[in-house]
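There are two complexes below, and they share chain A, which is joined by chain B in the first and by chain C in the second.
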Partner chain A sequence: MTVLVFVENIDDELSQQALTFARGLGDELHAVLIGAPAVPAGLAAYGVSIAHLAAGLDAYAPAAWAQAIVELVARTTPAAVMGPGTDRGNEVLAHIAAKTDQPMAANCMSIAAGDPASLVRVRWGGSLLEEARLHGSPMLLTVAPHAVAAEMVAEPADLVLEEFTPSVSNVDLIARVCERASAVSAGVSLTDADVVVSGGRGVGSAAGFAVIEELAELLGGAVGCSRAVTSAGWRPHTDQVGQTGTKISPEIYIACGISGATQHMAGCKGAKKLLAINPDGEASIFASADYAVIGDLHEVVPAISAEIRKARSA
Partner chain B sequence: MRSAQPVERTGDVPRRVGNEVSIVLGQRKLLQRFGPGLMHAFIFWGFLVLAPTILIALIGVVDTHATLPWLGHQGWYALLVDVFAVLVLVGVLAELWIRKVQRPRRFEGSHLGEADLILGLIATIASTLLLWHATRIALGLNEWPRAWSPAAHALSHLFGRDEATRVLERVFVWAHVLTILAFLAYLPRSKHLHIGTAAVNVWFGRTGASGRLEPLRFDDEEVPEEEIRFGAGTATDLTWKQVLDTFSCTECGRCQDACPAFATGKALSPKLLMMGLRDQILAQDSSPLVPNAVTDDVVWDCVTCGACVEACPVSIEHVDHIVDLRRHLVMVESSFPAEAEPMLRDVERASNPWGKAQSERADWASELGVRVLEPGDRPPEYLYWVGCASSFDERARRTAESTAKLLNAAGVDFAILGPREACTGDPARRMGNEYVFQAFAEQNVATLNEAGVTKIVANCPHCFNTLANEYPDFGGRYEVIHHSELLSRLVREGKLSPQRSESRSITYHDSCYLARHNDVLGPPRELVSAVGQPVEMKRSGKRTFCCGAGGAHMWMEERGDAINAERVREAAGTGADTLAVACPFCTVMLDDGVQSGGQDLRVLDVATLLAEAIDAG
Partner chain C sequence: MNVLICVKRVPLTGGKIVLTEDEQAISTRHLGFTISPHEECGVEEAVRLIEAGGGSSTVLTLGPPEAEEQLRDMMAIGVDRAVHLVTDGGEWDPQATAAAIVDVIRSEGERYDLILFGNESADAGNFQVAIRVAHALGLPCVTGVKGLSVDGGSVRLEQEVAGGRDVYVVPMPAVVTVKEGLNLPRYPSVPGRLRAKRKPLATSTPARPDPRLEMVRLVLPPGSGKQAEVLGHGAEAAPAVVGVLRELGLL
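Moving on, here comes the complex of A and B:
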């Protein structure tokens, strides 16, 4: 049985895993590579006998890449086409499925040959395993990350390289990578920040966040907020820390004017230390706080900022 | 209908007969809005009374001097006909006035022209009948003393006993009969089809608690694999009752008017949902229901509060449609609001929706001397099912603390499951994740059955609803009561004696899952009256307005205006100083609403109110 594997990057573990997985189903392994920078070494080590290199499609364009593979499938009639369970692997295979009107199974954990083949695949972000049967000619699937460990073959065969030029229409090239720009961000992202300074209803207004922003900037941290703040329209939802917002795990979380509702605490339980500033000594956030200041954030926060400035200029 | 999915709706005949009598004959649901409801009742009762006159008129067309045997000669029947012909006209004119002059918002999106045409036809039928009778009286052709027909008699003075009247008599009877025939021909293609489908839909309506969702049968050996439903993806996935629902809809908009999502500017209108589904069924369109029949946000806006179901005069069950659409989106498409994903994951992984440690579940009770039931222990009289919110949420915990203190004070034999209590699965189920719900249902039922539990008291209406109405489907049969029921009984029996404060004004907010879905209305009010001066909101009892947390909305972001803010404004409008609740989610939502809106209201669970009033005494 011939299995064609879309190899996104042979140096990447997930592509290696896809090839290892494919060996469990087929005895003859073909690989297709699109936009690969050089003739890939290492393919043979994972059991590939023929590598098809698509020419002229260097920039990623999901529909066009899929079209290239569809043409290859028409010529080589493999029993199955597989891809790694990466974003691109899933996207290209989905386009192949759409173009050939065949079903596709994403994120497969294991497969047993048969007609139809039976497989187990991951659903629900890993919380559910689904037993399914896959029809289709060829069968289309992607391999769940780490479903199998990448293993080389004991005796690699000689690798045959076959270059081909797919005929891709302009329609297939509508969505493609045109330009690459490095991420420009005004500050640190909430998820990665070591310091997060958040404001709650106690900040009082959108303008009131100036003191929060100032402290965050001094500490090289990110600004967060509670749901009450986004509901009031003072900050965008992307700043919201909580059950229905961002989950954060900074070294220190400074919560200003936040009462500590369960919905909020669910988002900051990953914080190593919590400093709470709130005028209400009964506020439930103090139950989880490592450091507490009972006071008005509009006095306390500027005072902290001033101290930091003083210490740094000294 | 023939390609629709099965659903069991045949048993419980006495209750179905009862529904026909009260909802159809008695027009109970319509009369919830008394004015328009009464006008409809005039027309409907008129339709029943006047039905035999169709035969009488058909005979009259052929033979001026003939009528129905017996009934055609009865004076009392002539009186009924006369009175109801007038009442039908009154009803039609009033309805036209409502539609043309008042123009309430509930008709937005309905087929208005169609309704006008139908009202016009009915008016023609009733007025030609009266005029026909009037000419017969003028010609001395009637079978009964003219005093039996006051209206037709009054009209008869317009006509002389002459040839012109003889012609008019023919014109009126023909006009009457032809209008009826035209109406009959038009009926099957119009929204007026409800005169046929409504009674049938009411018959097959739910007879049990409205809070129970129909379980999907994943593991049932009797269901062939290819027939297992995963909710509704296309029109053919709908059950026959759901299809019948769409054909019963008269587009009256009572559901839309009651809907908290619609009231706060969201995309959902239960009426437009029904119309969208019906259009897709009629078009025999096999494309996905979402987003073709209804858009994605419509499906997620619903708080499953059931206000639409309660308002619907023809027993349409909108929430079942919504949940089936969600089930398909969640279980087949994995498509749902991203912010709800942590809740689903945490329910599965941590057995509670906030991902707290199960070992901390009984922390609130550590200093209250509450017995935590260990395996093999003697079962208590009441198992107190605390629920996740009252176990973990700092505001809702006060309810659990108060309840435990009160039960201790009254000497009730109770215990909690502590870390062995898991989420009932309700939020996952209302989100559409039936897999997760059923796993938790089975786990909890096993725990409860092993512990020998027979009676459960729950303070969370959502847990209460699931335990009482949904766990029986999974082998868990217990006597489940809400804490307000047990506490009010203890007050009645004198085991708890609160201090009543005359100056304290309290308005009670009914929880949807307690009042509407489970008919618990009196006990929480008894508790409120026991501690202070009750004052009702306009939307109360079974017509309560949701706090905004139902249907897993506790863990979703709200679009549009906030439902809780709307409800808090209504509560503050009563002038009360305390807003009493009987649900931990209502507690959190309404307290949030008060904090945002700045109203001078304390939001307290009835148990906490009672505990405070006992401490004060």
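Moving on, here comes the complex of A and C:
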């Protein structure tokens, strides 16, 4: 069975996971790359035998990229077409589905071929799973982040390169990236931080975040928050952790005054350790925490900062 | 200009999800309902665009009779009118949902300059209804937008990506999906709520086609199985916390 994978960036773990996932479904793995500056060496290591390189589509234009893949599908008739469960992976696959009027399943954890195919996919940003049937051919899906761990093959085959020039209409090029504005970076970013200290409604006010900021700075970390905080206007949305905020994976997540709603936890499941500070011993965040401090964050957090200073000056 | 925003009623789950006995839905006996924060920002944006430039805003939902609650909430914030595609509450797949929305837009004479969606629905997260609607209507589609400004007949859209923002400029009519952070949505006022009761709400009852992405049942993911280690109570816990940080090599 041939599986075609839209490889967004072979150096990215999520693309590597999508290829690993694809090997579980098919024995012949094709990759399609669009706008890639060079042929990435890593493809064969993840089991790809043929890489299709679309020429002439450098700027990202989701409908045009999908059109290129639709043409490739017509020529190579794969049993499944998949991509990583990233913004672009989901977007390109949805355009393929719309153009071909086929069903598409986003963020799958597993799939078994059949008529219909049976799959498990994530809902609510990962707080809930769904078993579903996919009645379409080819199977169109994206792979949920971390559904599988990325694994290389033992004996990579020789990679065959096939360049092609898709015939894309102007209509498909209307929505395309025409400019990249670079970010003004202020401090450690939430996604890359080893330590994230986050505050929730329990912080009480925008000014109350001073103690959170102090601890984050002492640890070289970033400040996060819950949606209760952004909705109140205490912090910008760029600080929000969760289903509709940022997904983080620090070494430790220190959650202060956060109750642990499923939508918040959807954003910090990737944290290696979780320390929760909350006076309510029944708060649901304690069910996912590694460490608990029962108490008022306005007493506990400054005490931790003072203790760190003491340890450092000793 | 005319702006349409599509929203989906979903349960407001709290700390722990409980399923109904038939595993077809979340048990909502103790829960309220809401829409996705992404969609709330879409509603706010629609209201601001009409306040600034004139025209009319419409909110649309496909959902059970009770979803009128969400439509009235959005009209209380300032949306002018609502369209309710009434279902029996069962799951509609994204293809069927998009087709029903397209039928409404066509039957109203394709009069919308901007058709707004959430980047993904809060519950199903299919990431595709908007894109399907755009293709059916032959319109450009930009997703995951956190910046939007209308300039004459076109709209400039900004998308957050690693290292910055990608910018798109597309002519209207266009389909746009938005993410939370685009703006800070307002809360409904009491006079707003009173006005909302009298605003026009059109209903129809489309037939549900057979699903092609067919939900079989919901499954709770395995719990974390964690038993938190209590480091202490109040400020006295600080030395134990610092001990943990040191153990993890973070000091």
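Some observations on this one:
The rule we apply is simple: the second predicted complex is superposed on the first by the 183 of 314 C-alpha atoms of A that agree within 3 Å, B and C clash if a C-alpha of one lies under 4 Å from a C-alpha of the other, contacts with A are read in each partner's own complex, and residues count from 1 in each chain.
Here is the rule we go by: contacts are C-beta pairs under 8 Å (C-beta built on N, C-alpha and C of every residue); 3 or more make two chains touch, one makes a residue touch a chain.
Because the structure is a prediction, the values reported are computed rather than measured.
After overlaying the two complexes on the shared chain, residue contacts for A:27 are found with neither chain B nor chain C. Using the contact criterion defined above for the overlaid structures, shared-chain residue A:128 touches chain B and also reaches chain C. In the superposed model, A:63 lies in contact with chain C only, and not with chain B. Contacts of A:201 after superposition on the shared chain: chain B is touched, whereas chain C is not. In the superposition on chain A, A:213 makes contact with neither chain B nor chain C. Applying the stated contact rule after C-alpha superposition, one finds that A:13 touches neither chain B nor chain C. Once the two complexes are overlaid on the shared chain, A:162 sits clear of chain B and of chain C alike.
Measured by the number of chain A residues touched, the leading partner among chain B and chain C is C. Of the two partner chains placed around the shared chain by superposition, chain B and chain C are both touched by A:287. By the touch criterion defined above, A:261 lies against chain B and chain C together after alignment on the C-alpha atoms of chain A. On chain A, the surface touched by chain B in one complex and the surface touched by chain C in the other have residues 123-125, 127-128, 231, 237, 243-245, 260-263, 284, 287 in common. Interface residues of chain B, counted against chain A in their complex, comprise 334, 339-346, 348-349, 354-355, 389, 392-395, 435, 554-558, 562, 588, 592, 595-596.
Residues of chain A touching chain B in their complex: 123-125, 127-128, 201, 228, 231-232, 237, 243-245, 247, 260-263, 265-266, 269, 284, 287. On chain A, the positions that touch chain C within their shared complex are 60, 62-63, 87, 90-91, 94-95, 97-99, 101-107, 116, 118, 120, 122-136, 142, 171, 174-183, 194-195, 219, 227, 230-231, 233, 236-238, 240, 243-245, 251-252, 259-263, 273, 275-276, 283-296, 299-300, 302-304, 306-308, 311-312.
Contact residues on chain C toward chain A in their complex (touch as defined above): 13-17, 26, 36-38, 93-95, 98, 120, 122-128, 131-132, 134-136, 138, 140-144, 158-159, 161, 163-171, 174, 179-181, 184, 211-221, 223-224, 226, 228-239, 241-242, 244-246, 248-251.
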